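Both complexes below contain chain A, partnered by chain B and then by chain C.
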Partner chain A sequence: MSLKGIRTNDKHIKNLANIVEGNRSILYKKEDLLAYDCDGFTIYRHLPRAVVFPNNTEEVAKIVKYCHEHDLPFLARGAGTGLSGGAIPLNGEVIISLVKMKRLISVDFENRRAVVEPGFVNLKLTNSISDKGYYYAPDPSSQYCCTIGGNVGENAGGAHCLKYGVTTNHILGLEVVLPNGEVIEIGKDGIPDAPGYDLLGLLTGSEGTLGIVTKITVRILKNPEAKQTVLAYFDNVADGSQAVSDIISAGIVPAALEMMDQIAIEAVEAAAFPVGHPKDIEALLLIEVDGISAGIDEQIHQILEVCKRNHVREVKVAQSEEERARWWANRKTGFGAMGAISPDYLVQDGVIPRSKLPEVLNRIHEISREYGLRIANIFHAGDGNLHPLVLFDARKPGETEKALKAGSACLQACADAGGSITGEHGVGIEKREEMRFIFSDEEIAAQTDIREVFNPKNLLNAGKLFPTPGRCLEVKKEGKSVTAS
Partner chain B sequence: MGLNESDLIKEPACQTNSFSNYLWSDPPDENKWADCVHCGMCLESCPTYEITGQEQHSPRGRVHLIKSVAEGKLEVNEHFMDPVFACLDCRACTTACPADVDVGGLIEEARGQIRQAMPLKGWKKAVSHLFLHSLFPHHNRLYTLGNVLKLYQKSGMQTFVRKTGLINIIPQHLAEMEAIMPEVKKPVRKKYKHEKVIKAKGETKSTVAFLTGCVMDVMFSEINEATINVLTRNGNDVMIPQNQTCCGALHVHAGDREMGRKLAKQNIEAFQHAEKVIVNSAGCGCMLKEYPELFREDPVWRQKAETFSKKVEDISKYLYDTGYKRPIAEIKARVVYHDACHLAHGQGIRDEPRSLLLDIPGVEMVEMANADRCCGSAGIYNITNPEMAKEVLDSKMKNVPKEAEMIVMGNPGCMLQMAMGVQKNGRNQKIVHTVQLLDWAYQKEDRLKEGEECL
Partner chain C sequence: MLQGELYTELKDVFPESQMEVKENEGHPLGNGGKVAVYPKTENEISHILQYANKNGKTVSIVGGGTKRGFGGLIDSADILLSLANLKGIVEHTVGDMTLTVKAGTPFQELQQYLEEHNQKISLDPAWPDYATIGGIIAANESGPKRLAYGSARDAVIGLRVVYPNGKVIRTGGKVVKNVAGYDMNKLFVGSMGTLGVLTEITLKLRPLPKYESNVLLSFTEGDFAEMRSFAAAFLDSQMEPVSLELISPSLAEKLTGEKFYTLAISFEDNESSVHYQESFLKSIQPPKTKMTILAQEKARKFWQSFYTISPNGRVSNQTGETEAVLKIGVVNLDVLKVIRESHLLQDTHNLLIEAHGGLGHGLCQIVLRGGSENVISAIQHLRNFVKQLNGYAVIKHLPFILRQKIEVWGENPPYFFLFKGIKTKIDPNNILNPKRFVGGI
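Our next item is the complex of A and B:
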């Protein structure tokens, strides 16, 4: 862009502005940058040095090369809806925002694949191909606004990943700008299972620490012939959890099997998309089966039977697409709905074996009592992916720290139960330290060695995904206020 | 040199600073932003985020900045003003928000602070004062302006100016506005000045009071006429309180909350004996329903405002709720319905006008993608932020199906803006208000009946 109107003494900002064509291509004033000091994880904040808005791969490569040559820390950002802080510029990074690269480049129905730019919004892909009877399967709750580039970074999941798999199962090819500015293509022709190391698998879920994705080839699926959705209310959590286990044991693979507990229900009912769930139940299940029409009714029958056997208070099948959509809107806006009952929340993302559901939920209850903070649970019960939402008020001194500790304790409970600390939200900043719950120092070092290969200068999204050696330092600093500086 | 793990800045958890930089009364309400958890569900709903892709021009970004001023991290200055005044106040984010965050309310409160911290100066002040203080609150002056416009149109000056290119001397966006100005007729407030009540045709079922609006009554008086016809035809006696005034929406949008309160008080008093206040302009209706918001710090007037607001209803919803005669005559038209922001997002009225239109025999409705996306009119936004407004309009027009013959809506600002869109894009679609179409159907019915009687 022309440098007219850019008033700064920072020569790097002027040089970066020179790389990018068009209007609105760089932000550098404090007031504008403040809007980029966090993503969907709001506890840690820091101002970026600048935000650049490239239009194409070449511009991304040039920006990255410039940062590489001048030792400027940088990171990529999509819609900034991540829940673990992966896009927070902890080191005053130059943020490379990919929102202007939002084209659907091509759709190949015959081979069931589509090519998108990283800033393309997840749900827009399904909306663009639904008239031909196709859709894109990974459906994180933020799919209305999150970008597919971000989904690749976090290996995003979603309600329907129980049956269809997470993002990595739907990525066929990537164009990547490496941290030195070099552009490479992986899985170029979109042929699955290419020989050699699975670089697609490595890049997907690398949380923006190995490269910046600039083009993505994804798998698209034919809409299922039939779909049925069930809503079941349980008086106690144990019965609901047992029903989850029994459904899977019966040999049914639901497309989605979701659970919400009482506090979660309180929030969604107080928010913008209420369904009218009873407030006095301990758990609800939202179960969806899909596939060819033959056999769907039988599966629904089995599910209803399982629910009844487990003392369900009420169970019903959606009678219309409209009703189904209402149930899903209520579920999918669940995190944001927390705003209706609490000023702040911290969402965790542990994974446990399904059989341990009642036990771990009990432990989370105890943690809630120990810390004196309410914890809501909205989660993908079918694949044991828990989302404890710790509710707190950052304005009360010390409460943020308490929430962080309570969240960490929830993850410890998951790890103790033989599970993991993240299912789909990524580690980011939030769960760096908790990586130690499941990996030894050697295992962590082996992974940072891999990062070294791609990102030797560690300028790209440094300080994310792995614990830092200087933990003591961080603890000492706790309590001091962070203001944008 | 690269970064080592130990070089990294490690910041502790954030804590808020208690030094607010909002210095005047009526500041942005802490409870409103406390509802926002920064989830980002609002992003895709926001027209200015769609265009810029920048967070400070997104709802959650604006809320974040507004909160940052209260936390003492930002000052009220022109860099803060930019994102806050670039908001269209379209309320699409309120619909999208899972936690019902009142972004619109926060924006208006923040604007109030900005206007006090940085009063307008120079020609901007003069123009703003002319429109907001000297013109809109004074129906007579508006009417006089209307007469000038009428003279301008009737005298052939308009044709002359357009043909000779004299129009080039006024800024382009104003010239475009001029080109789509509707023909000015007599405002209903003048016309019915001496009638206490316009009686229902047939049996009176109820009595309603009618807010005629400023732009509506001067530039679209035929829509007000249509509204009265439709109301009286469906058993309503209509009263037009003469001491009513401008609703104040434009003032509140511009951050002039003091004037907003003054006008609100006048209207609350003017309509105090009414049981129902009918509005046919979405922007005004939304404002009237939000009067209590203006009196957060004044319990007495707040109470009055709450009582008043409950009486306010949009014409389409009123007809839908109280019942109306389904027209018999056919209006053969392929229409598309545009949701005015302050009807759909502001008042949650979406199905009622559509249902009304579909009840007219012969009307065929075409689907429009993003029907509830702002057109860029947004009060006087198209005058204050012409560039952004143009981009928003272009985006809107791309979605308007070419096969539609009419674009129907329930707000005068949208009508002017969409008319400009139609003209600029070389379309020949007619811009119509919902009640107009209904009224035409009734009138056609009457003519048919008269015809039969003659036979």
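Our next item is the complex of A and C:
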């Protein structure tokens, strides 16, 4: 439509532009669409048909209804930090970007809940309520830019979910636009256990395939009274793994229990937030406990004892908030730090029973040797969530494919150890085939049956999550490192 | 079809020694079956469901029977599938703090076993000696300590489910963090056995607390403004109670001997942390209140008796009075209003009403005893009352005959068609626990 200066022969783009109020409501030119051809998973790319920027639920519903009636594939996108390709428009989708819907609608401190729009950035919620001593617990490493809507889609985790749980444990209510454009509200007022099947639980982590969330009621928590952080260096990975087990066996539930191996340490020390970790250690642990101050010293004492018993080379307690923040910045930017030591990297996201840590790490070393690619390991050791980072150079012919295979082999190792192929990044495009490592055809069909109930035309984010044999994808040709962490 | 024919047919697919013809007993709580079967294996369950699904036989599922009065508009299904013999621990990986267990295992047996390893399942359901883990998960049963530990949906990490067509589906896994595929576990938690028969449940465990106490704070003058401001101030502090349960005077009398509105505030942590929090409570103790601290064994005793205050569906009611239980969900601090309203109904409706609710999670349980008409009228009154608060009221226990007269689950939500869609997809022949759930599902 001329009012918005839209020049295209695509009538759908004109009609979609008319739905959305205001300027900058739609992108449709190829040069504008290029930024939307992938998310944080950059190996596969595809251009969307258009990107629309609705301002409110009604506009989202109208766009969805339009797509539904005209059989146009569509999907929702937040900040695009997803690491498994969930927001990549495989089928030339109309992307519904929720970045304009970024209001904090209300905060109710007495009843410990807040209502946000899906485009509201994760960390902004904590920043908005910290003056009253409250915070929002799920803390994915990309929390400074990822949106809570995206967190719901992926059931995002984070370093502190060992004690506090992942996104699904903090979602109390959702307003959802169903794939036919109908708007429903579940978990009214954030009241728990609404009668009926747990649709909140089902929608959270459905990777944008069952509906589009337009309003989210989350639980907020009071800041713990005290917090202490310990950094421990081990000469030997096995000792570090044993220390993890011993801390848990001592009945301590740390707020976070993170591990990095030697290659990961090399990378973080070469990147923007070096801490001065020794480069010749095999493993470091970053351990945080929080809670009632009177109880914390005892836990720290126990943790130090456990580390000493497991031949720790050096162990220290953060002496200031500044020091603690530095350690965490070093850890949380760990994925991006790989760019300092490798042109490209692929991050994987397997989960194993904690007790299998040493044997799975050995297997990952073998995989590294088999494929001739270095693999760094950064992981949430407390809950067994591994992030093997396969380092490669996409400019070398065949190396991208090799990296993908090595990543898949790491997931096979996790599945073989009784674990899962993804702990927090989601299946997306990346791990569709690996779903077969842990689920039978019937079990996958049980899940797609549920999708059919919500999304019978399968226009919403089709081709994600489940194995779809025979689909062709353009594999990225030249190198570019992943910027989201 | 005659009972005898059903029995004969079942015999072909299931060991006769584990079958029993039920007399048409007209159980006061309904939810029975013409033939009871007691499978010992998942495979046997699969055979029964295949038979039922093919032949259009309805199946009612029972564990310990404590929730027999919870929902259901059928006096007697064709088959009563008891999980009482599907018992035992499948796998306990101590270091991983995960436990896989068969669905028919009584909850208390599990806790006793886990205690030897300084671990526990962090749920606190009613009637733990009788309630099975499968029933607790299927009915989404929780207690006051969900304030700190969450509910069944937070504890379950994996399930094995026999679908109505007899196929076994695994959901989730054995690891504590997992986002592979849809979170199908959630679909079955609280589904009241209408989608599949749970056979194995994998749970994430917690360490046993090193020390615990339960602080009883009684408001001797029943001043609600005082209760509210105390609760708000306490919740705004950095203390970490595992329960903040408001108990109505009549229930308090039963549990403590004193008839005051009472808050049961529990702490579980190491000893110094617990004492520190007790001292904090003393420092903000409102005037005209009385504080009693129950430490360790005394705290455990208190909760043990607390978990037996509601009617137990496996025991027949000999009192001649009608017993009912309501589960009410409201916004956290509205629990105060619900508990007060429930208490006031005692006199207006000539009932004994014992009520409690969590000020940090918004769930209340109201036990009503008395004449049936008064019970029904009180339920309707409370339902209207919580509707104004945007809350809901579900009837967790009521005799079968009265369940025909009042909607157990309340009004259907606007998105009921999704429930129906899910049910139809998984159980197209509607054989599993028909009419037990929301909207006649």
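Remarks
To be clear about the criterion, the second predicted complex is superposed on the first by the 465 of 485 C-alpha atoms of A that agree within 3 Å, B and C clash if a C-alpha of one lies under 4 Å from a C-alpha of the other, contacts with A are read in each partner's own complex, and residues count from 1 in each chain.
One rule holds in what follows: a residue touches a chain if its C-beta (ideal position, glycine included) is under 8 Å from a C-beta of that chain, and two chains touch if they have at least 3 such contacts.
On a predicted model such as this, the values are computed, not experimentally measured, just so you know.
In the superposed model, A:121 lies in contact with chain B only, and not with chain C. By the touch criterion stated above, A:160 is placed in contact with neither chain B nor chain C. By the touch criterion defined above, A:45 lies against chain B but remains apart from chain C after alignment on the C-alpha atoms of chain A. In the superposition on chain A, A:450 makes contact with chain C only, while chain B stays out of contact range. Within the superposed three-chain model, A:146 lies in touch with chain B and out of touch with chain C [touch as defined at top].
Once chain A of one complex is fitted onto chain A of the other, the partner contacts of A:192 are limited to chain C, with no touch recorded for chain B.
In the superposition on chain A, A:340 makes contact with chain B only, not with chain C. Taken together, the two structures place no residue of chain A in contact with chain B in one case and with chain C in the other. Residues 93-98, 118, 140, 142, 150-151, 153-154, 163, 167, 169-171, 173-187, 189-191, 195, 206-208, 210, 232, 235-240, 269-270, 272-273, 275-277, 327, 329-333, 360-363, 390-392, 394, 409-410, 413-416, 418-419, 421-422, 425-426, 437-438 of chain C are the ones touching chain A in the complex.
Here chain A touches chain B in the complex through residues 24, 27, 29-32, 34-36, 38-40, 42-46, 51, 53, 71, 73, 79-81, 90-92, 97, 99-100, 102, 119, 121, 142, 144-146, 271-273, 333-340, 343-345, 393-395, 397, 400-401, 404, 456-459, 462-463, 468-470, 473-474, 477-484, going by the rule given at the top.
Partner chain C is touched in their complex by these residues of chain A: 109-112, 133, 154-155, 157, 161, 165-166, 168-169, 184-186, 188-202, 204-206, 210, 222-225, 245, 248-249, 251-253, 291-295, 298-299, 351-355, 380, 383-385, 418-427, 431, 435, 438-440, 442-444, 446-447, 449-454, 465-466. Residues of chain B touching chain A in their complex: 1-6, 8-17, 34-44, 52-56, 58, 61, 64-65, 68, 73-74, 77, 79-80, 82-83, 95-101.
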